[in-house]
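Heads up, there are several structures right after this.
Same chain, two partners: subunit A is paired with subunit B first, then with subunit C.
Up next, the complex of A and B:
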């Protein structure tokens, strides 16, 4: 049975990372916004969900955090998504208004470090470097034991991932998605054709960050703790890798990218036949292998495993208006 | 507005990059319904003029009025919405979009261009697309890109990209189109074709302002020509008049011409 629970656990990570990848794909795959601060929005979603669910912090527990509202998970999860969206409005409003292209990535990256240090050092917020712990398993109506619960939690996780996939597809195949792609291709030209580029980019960033926040809120449900060590900058780039390898601009690609990078390579490297004393080499080897795969994809298949779809319109030539200048 | 007057007037426009003055008090006007050319030596300030007039670069000094309205402080996206469009020296198609999507994306209803409509107003979006696709087809046939309609724009040849840019400008039904060297890198056959298209669209009421170095094209299609030099208007008139103007000949046309 352990294998079942191991697989279920992987399934939970898969759902969480799929949501993360879909959100990043909306930002970068559709709209071309370089968000190198992405994981921070996941963390904020997790923190806010946690402090909405937990009771107030008490002096003798030694923990300090804001709120502590003891609210139901659904409310807390939505609050996590909203908080990430609001943070995106603030950070995006600052960075996207004046900067372009690569500088957006650098600006957001820098801001995420500031945020990281504030959350780590200002303990009244989210208990500093020690982090928020002991978040109760959400939606546990049936008093399931830990192992049963992992299986059970696959249901809400899967439902949320499917729902957000569906939303991402609708956004993609709409006038909005088309406008975001035009913006990605050439911002100046998009502006000369009447696109409000700032608003479009900011909206894509906010939607993507809400995805990240919801993923964070969902994942705190089975992680039960969140501390700065879980959201270092490196975590952002593993999601980037999944989205790029899967195929930018394509939601199916994002899902496949998570499967290949996070699950297959991330977990598969644990099974490398290394002698016991060399097990400590696994994490760095994992990094090397994932990096090599990313480079190989960029070199040989730069559009990813499943490239972006192109809408084909059914247009029939009319006879009378053929070229008659 | 005065239907027979000037669609665009530029008054005392000054623009500097660092210490270098690209426009130093440029004043000119474009007549409604005309095909007007701007010619002049490299560095005369032609592209800067286009950039400021089309909102790509902020106005530093002077006045720009389009259709009787002062547009100096408009945000970049307002220009197209009010009917002023421009092209760039190098083709700048939306490469990762199909040819059809290149046209749809600029013509689509801005009111449907938001996440809410994407989720909940799909029928309206489909209706809008259906009505636009008719015009898309007509324009693609007119410029000769119908066969390439499902290709990525980046896969087109240089000349096809020019045609796509023209079609993309025309589908928004503009009042004034500013073309920055539309004939650059275009083969002779296509030059004639582009010239004809401009004349056809002009006859339907679109005003064109064209920055161009190929003087035979200017002579063939532009009724009015503005000569710029050193960031100012040097002279204006028909090409024939300009050839007789010694100041123009020495600044740009040269004796050989």
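Up next, the complex of A and C:
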């Protein structure tokens, strides 16, 4: 039974990270926005979902946080996504306007560090470094025990991941997705064809961050707690690596990247047969492997494990023959 | 006691080690045209190298000099064997940033693997110093050494850039790489040297920062990276004189801010300066030809 529990837990992480990777792929894979603050949007989604579900904070419990509305999970989850989207409007509106791509990354990174410090030090917001804890398990209508619940929670998690995958696919094949790719390939050309490059970038960032917020809200459902320690900058790079290894600009690649980097590499290093006193070597070893894999893939397979498909545009036959009689 | 003067003094010391790292970073950016995200980790390498050597009973300042050499050599090797292959392929700057990020991730974790993630500090004989009054200021011998070293290095770099063939070559490459190549400047040699200089200066800044804050961890340089970037961007990315000015602004502002806000937000003042510069004047105080 513990093996089932372990597998179900892994399944939940997989769903959450797939949503995260899809959102980052929309931002960087399609639109080329270097969002180094990405994990912060995941955290905001989780925090907002948590404080929408929890009751008001009391002086008695020693915890302090805003809101505390005791609303149903669906409302709280949507609020988490909206909050992440609004934060993206604010941050993107500030940074995306006229900077070179790599300096956009620097600016967003600095903003996420500042946000991290504020959330950690200003306790009335989300209970500071201790974080919000004890978020009730969502959608638990049947009084399931912990083990059954994990299995049951796979259903809504899987459904949300599939739904968001479908949305991402639709987006990438729409005229909007083509405009984003044009912007990524050559900003001047996109602007010449009348595309507002700032708004395109901002919209891609907002959509991607809504994905991150929803992933955060979904994952707080089984993590039940959120504190600054779980969204340090290093966490962003793991998702970045997953998306790049899988193949940028391609949703199947993002899913594969999560499977390889988060599940295989993450769990594989955890299961290394090391004696107990050497277990502390696992996190740094994992970091070294992730860095090395990232560099190796960028060098030998820059398009990732599943390269982005080249879109072919077929002229309609009748038009063709009309043009060349 | 005049706390304003005291904080101003601390700010000048901070400006000193920020400038040491920022000038190297801005020189390197001017010549390679991509941001080095591993710079903070070169600082960490400096701090740990000096620590390892000092714990082997080597004089601290000798250890620091060796740490500077180690920083320069590591930066050169990484440039030659990791970054240069990407540059030869004309990898876009966005991806170069991600490559250096991967390099930084590896360095942090190698240091953690070797020395653990605990806080370390230099031996008491190095850091336990009593502060003395110097007019309205309060200073320790280490702080005065930091200031002296930084000022001396800035003057030396200025002469290097304006009087020597290597320095003139650097400025020429930063202004116009193609024209410099046509004029017969050896781009490879200049690139090697700029990495040695920027790595060595970062290592020195790492030691001085560790002296200033008292302790260090494998991640400590990375956290300080954005303070350096703030100085670089405010001054004008690619401009050594701008970076000195940016370091002065950043160092003094973060120290004086302690008088007004909780000191937990000290580094956020630097982030704020960086953001304001990026939003309002991304070309910096002294604009260079490179557009950001």
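Going forward, the second predicted complex is superposed on the first by the 312 of 325 C-alpha atoms of A that agree within 3 Å, B and C clash if a C-alpha of one lies under 4 Å from a C-alpha of the other, contacts with A are read in each partner's own complex, and residues count from 1 in each chain.
Convention: contacts are C-beta pairs under 8 Å (C-beta built on N, C-alpha and C of every residue); 3 or more make two chains touch, one makes a residue touch a chain.
Since the model is a prediction, treat every value here as computed from it, not as a measurement.
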item: First, second, both or neither for A:272, with subunit B first and subunit C second; value: neither
item: Touched partner set for A:194, first subunit B, second subunit C, both or neither; value: first
item: Contacts of A:302 with subunit B and subunit C, given as first, second, both or neither; value: second
item: Partner chain(s) touched by A:162 [first = subunit B, second = subunit C, both, neither]; value: neither
item: Which of subunit B and subunit C A:7 touches, first, second, both or neither; value: neither
item: Subunit B versus subunit C as contact partner of A:182, first or second or both or neither; value: first
item: First (subunit B), second (subunit C), both or neither touched by A:110; value: second
item: Touched partner set for A:264, first subunit B, second subunit C, both or neither; value: neither
item: Interface residues of subunit A shared between complexes with subunit B and subunit C; value: none
item: In the complex, subunit A residues that touch subunit B; value: 167, 170-171, 174-179, 181-182, 184-186, 188-197, 200, 203, 207, 249, 308, 310-313, 315-318, 321-323, 325
item: Touch list for subunit C against partner subunit A, complex; value: 34-35, 82, 85-86, 91, 93-99, 101-106, 108-110, 112-113, 116-117, 222-223, 226, 229-230, 233, 262, 264-265, 267-268, 271-272, 274-275, 278-279, 282, 291-292
item: In the complex, subunit B residues that touch subunit A; value: 54-56, 75-81, 85-86, 88, 92-98, 100-102, 104-106, 108-110, 112-115, 117-119, 122, 125, 128-129, 133, 136-138, 140-142, 144, 146, 149-150, 152, 168, 172, 193, 196-197, 200
item: Of all residues in subunit A, those that touch subunit C in their complex; value: 32, 34, 94-95, 97-103, 105-107, 109-111, 113-114, 117-118, 121, 233-234, 237, 240, 244, 280-281, 283-288, 290-292, 294-295, 298-299, 302
